[in-house]
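Two complexes come next, and they have one chain in common, chain A, joined by chain B in the first and chain C in the second.
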Partner chain A sequence: MHRYDKENDEVVSQEEACVGCHRCVTLCPTNALTVHKNQLQFKSHGNWTDWAIRNIYKQAETGGVLLTGMGNDRPYPIYWDHLLLNASQVTNPSIDPLREPMELRTYLGRKPERLELDLGREVLSLKENIPPQLKLETPILFSAMSYGAISYNACEALARAAEILGIYYNTGEGGLHPNLYKYGKNTIVQVASGRFGVHKEYLDVAAAIEIKIGQGAKPGIGGHLPGEKVTDEISKTRMIPKGTDALSPAPQHDIYSIEDLRMLIFALKEATRYRKPVSVKIAAVHNSAAIASGIVRAGADIIAIDGFRGGTGAAPMVIRDNVGIPIEFALASIDQRLRDEGIRHQASIVVAGGFRNSADIFKAIALGADAVYIGTAALIAMGCHMCQKCYTGKCNWGIATQDPYLTKRLNPDIAVERLVNLINAWSHEIKEMLGGMGINAIESLRGNRLALRGIGLTDTELNILGVLPAGR
Partner chain B sequence: MKRIFIREEFCIGCRLCEIHCLVAHSSSKDIIKVFKKEKPRPISRIIVEQKGYNSFSLQCRHCDKPYCLEACMSGALYRDEKSGAILQDKEKCVGCWMCIMVCPYGVIKREINNKKVSSKCDLCIDREIPICVERCPNQALILKEV
Partner chain C sequence: MNLKQGWFEKDISGCSISGFICEDGKRVSGETIIRSIALMNERSNGLGGGFAGYGIYPEMKELYAFHLMFEDNQAKEETEKILNESLIIDLQEKIPTQRTKGIHHPPILMRYFGKVDEGRLFDMEISEEDYIIQTVMKINSSVKGAYVFSSGKNMGAFKAVGYPHEVGRFYRLEEYEGYIWIAHGRFPTNTPGWWGGAHPFTLLDFAVVHNGEISSYGINKRYLEMFGYKCTLMTDTEVMAYLFDLLLRRHHLPIEIACMALAPPTWREIDHRDGEMELAKAIRIVYGSALVNGPFAILLAHSKGLIGLNDRLKLRPLVAARKDNTLYIASEESGIREICPFPDKVWAPKAGEPVMGWLKGEERCEFELSRTRISDREKSQSVHPVSSMC
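Presenting the complex of A and B:
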């Protein structure tokens, strides 16, 4: 991109290669650099935008599928921005979280049908065994991002931050590097269609297991890690030959029905002696509610739903931009369906897909989520500048790359600190919002849609979200 | 005693340590003026070594057994009692450059125009944290008590 021309004694930049990652801007010691959008425009047209024209040029040149990275960037509505929160005034006092204790602790997993106390003994105890639970100090987890899609340093940073924060990170379908086994109690391991890196120890060291059926950025599509990214360490971790493409099939070849899913869930539970919760992750699609009901009945302890804004290391642009539904609708309809069927307690709901701040998370919990997965936000905390070039493997911030020149740009010590700061900041904000509502536990907010009001939404949208319009 | 430690696994070879070292040891202390106006341009006391993707920045190790101090015939090099750093009295330096010859790390350099004086890391003795450590964007240099 930048090169020194000795003859002219000046630095030249090759503007057409700039992806807008801001690496040069950030490091320039004199703040002399800035990145502007190229002013060159095609003649303005409502239908034939720059974006549409350029994509045709690219495909006419290459004859290939357009690839992209990160989540859906098209200007679809963001329903979080159409939801407003409530606060206490006069009749119910608000609480100051700096003076009074606030509870954000969250347990994920199947809850018992009812609680029966054994009154016969001296110490009160429960009659029935509580199924395995994940204990989170704050209702946030780091999304599935595989070692391969992201660098080892990025994986290490997520693992270490999760341990410090008392939350969990997810390995994605990249296996688990042996150096990270020590963070096992904060690790959710994924079993996906390629079964990469799945072995006994992988399941044993983890806190929970997640079966990945789909991903918000590319529902119905498998994964593809190009061979050049499959380095020595990745080949060992994924248990595939070095330099070969790691192709995750689109479907799980042993799952063609809810009954098949049940077999895999119980195979994994059996393999881990029923000590770990099993999660099933799906992309938010049109009939998510019915699918979720099936997943719960199949025995999942946690359902993870990934909305259409969910990120990815690489996906066909046409899929990323056009497939799936907003997480807000998927969450609201799934929570409602499970309640209607009386099985909501059988599984926790974790939602994912483009959560930008603590307010989005707060609103999701009020809509019925138990916790929220954050992926892109975590990457941004580590340094990502959203240039959406993850699929090239040349991430300038050392995150979505395996190039040894680039991976060392991410110092896990710094990344851990920044991740911990972000989650702590959001947790503080969540406590402030809870306090403002006069409640002192996140449990009292969960599924409490009366805490929300819609603004600028149609009756149908309000109906799906199950919230009243502002002013009602 | 505090020393600068190198974490080569995180050095990205950006050479900002060199730039900031040079500015901190200039007369104007202003990055633009240093590069545009100061003649001769001061030189950095820190050196970035690079081969392939391996890189690290190296400055005076302030050795426990400093060869440079032994070799300095004029007594211009001395150990600062408080910080333990090897410093240099420019007045006393005669420009024999024996320190440059004996330094096993090759981190003592001659100042371009001033033929008498050699240039070496002074551990930024006036600052709490040496400038290279403070400005390293990736914490590849850290200051640790030894």
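Presenting the complex of A and C:
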């Protein structure tokens, strides 16, 4: 990118290679550098934008599928920005979170419809124990990101931050490096279509297991970790030969139907003696509500839904930009469907896909989510600058790469601190918003759609979201 | 105004509440409760008052007593059709009233005493109580201009737009005698004066008067809808009545546990007493959507008892007192001293900890945990005198 030309005694930049990662800007000791959008433009055209033209050039040159990283970057509506929150005035007091308890603790897992008590005994006790639950000190989890898609240092930082915060991180389909077993009680391990790294210890050490059916960035598409990223350590962790491509098939080849899913859910529950909740992750697609209902009835304790803004290490651009639906709609319709069918308590709902701040999370919980997965936001906290080049394996910030020259740029100690800061900051903000509403426990926000009002939405959109328009 | 609207309009109100139970079953004239609630007039604004009395129909105690209001004769006819189809009505009559200053434009007020045809229950495979609830829900949600004030046995609710003492006089409550009385004076800020919107809210034997605003209404309502309850009224207090019905009658939880679900201890408290509070933890996990958030003080009456409960932060006033066999609970101590000048003790119940009085002598109430065994929380409930004993 930048090169020092000795002969002319000047720094030469190869501007067309700039991806906008800001590495040079951040590290420049004299603050001399800045990055602007390249001024060279085609003649302006409403249909044939620069983006459309350049993509055609690329494909005409290579004959290949366009790849990209991160989540859908097209200007689709962001419904979070069309929802407004309520606050208490006069008739019910707002609560000051600095003075009063403000509770964010959340339990994920299957709940019985009712408690049955044993009234006969000396000490009042439960007739049956509650099914296994994940305890979260704040309703946020780190989303599935595999060792392979991200570096070892990034995985370690997520694991350590989850432990400090009393939350969970998710291994994705990358297996679990033995060094990270000690964070097992804060780890959700994934079982995905390639079954990479799935073995007895992997399941035993985890707090919960997630079956990955789909991903918001690429619904219906599998995964591909190129051989050059399969280093010694990754080869051992994923249990594949070094240097071979790790191909995750599009479907799980033992799940061609909902009854097959049920068999896998219960196989995993049997294998772990019903001590761990089993989650099923799907991408938000057109008939998510019916699918979610089937998943709950198939025995999942948690359903994770990933909206079309969800990130990825690599995906075909055409899929990322055109497949799936907004998480806001998927969440609203799934929560309502499960309630209509009287099975909402049977599974917790965790949503993912482009959550940018505490307000997005707050609104998701009001719509009906139990908790929120954040992936991209966690990467940004660690230093990601959203250049969307994760698929190249050349992440300049040492996050989405396996190149030792680059991975050493991510200091896990600093990354942990920044992740913990972010989640703590968001938790403080959630408490402020809760207190403003006069609510002191997150369960009173969960599914409380009267806390929301829509702005600039059509009747149909309001109807799907189940919220009133502002002013009513 | 469409009262049967699907969308809820928030009932914002400040209020006074008062109630007492004679645990020995002694029946007391309604005059007493009128005096208590009248003293706290400052807490209401003349837009609603109401009462519920238990033991008021001793000669009809085996029959369901339906108190109803109709906005017009058509509503009355339609409702009577439903009632006659659903129940065997033994007696129907106007609820006795008298012209009272401050009470205007009363609707048609009727009471019906009836029983359920058992053959019908058998055919429908439904319990008698669920059948009555179904009938009430049907009238409330399908007949325009009709509303069921109460539907329990040997009890009744009386409510109107006006100051509570005017409402009491209007219904001639001094002519009734009951062993439990509860009363409510309302201070709504935005809901129109509608007789049905006054407290108490009732379902079967349960009656609730409530001072507060439920900030968690949105989720409490959706939770209840999963169990078939329809929140049709323009007030959030109705969810209180339904939550108690769900937890006590349908889930068979003791009253202490139901109160713990509505106003649970904090996680810090639960963690601090690790192991002892497994039950509280389970309640929070399973009944999170039943947690009633926001300020409230409520009185829940039932044919066998009276319970007072505050929200988990005690954001609304509630004072309790005992004298001999009577338990008094009210928004203000003055409301108690007006009818019991020298109680044996007076205290301010702690946030989230229920105060309970039970009718003695008869068999143990099904919702009662135990008369002797006290739950963990009860033990820790200390008595806080707010004034010296007299």
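A few comments on the model shown:
What we mean here is this: the second predicted complex is superposed on the first by the 472 of 472 C-alpha atoms of A that agree within 3 Å, B and C clash if a C-alpha of one lies under 4 Å from a C-alpha of the other, contacts with A are read in each partner's own complex, and residues count from 1 in each chain.
In the analysis below, a residue touches a chain if its C-beta (ideal position, glycine included) is under 8 Å from a C-beta of that chain, and two chains touch if they have at least 3 such contacts.
On a predicted model such as this, the values are computed, not experimentally measured, just so you know.
Of the two partner chains, chain B is the only one that A:I414 touches; chain C does not reach it.
When both complexes are overlaid on chain A, the residue A:I455 reaches neither chain B nor chain C. Of the two partner chains, chain C is the only one that A:N440 touches; chain B does not reach it. Once chain A of one complex is fitted onto chain A of the other, the partner contacts of A:A271 are absent, as it touches neither chain B nor chain C. In the superposed model, A:A87 makes contact with neither chain B nor chain C. When the shared chain is aligned, no partner comes close enough to touch A:V318: not chain B, not chain C. Set against each other, chain B and chain C differ in how many residues of chain A they touch, and the higher count belongs to C.
Of the two partner chains, neither chain B nor chain C is touched by A:I56.
Those residues of chain A lying in contact with chain B across their complex are 26-27, 29-30, 403-405, 408-409, 411, 413-414.
Note for the complex: chain A touches chain C at residues 88, 91-93, 95, 100-101, 103, 105, 107, 111-112, 114-117, 119, 124-126, 130, 133, 339, 342, 344-345, 366, 437-441, 443-451, 468, 472.
Chain C makes touch with chain A in their complex at residues 7-8, 10, 12-14, 189, 212-213, 215-219, 222-223, 225-227, 250-254, 257, 266-268, 278-279, 282-289, 291, 293-295, 312-313, 315, 369, 375. Chain B meets chain A in the complex at residues 7, 9-12, 14, 16, 19-20, 31-32, 53, 135, 137-140.
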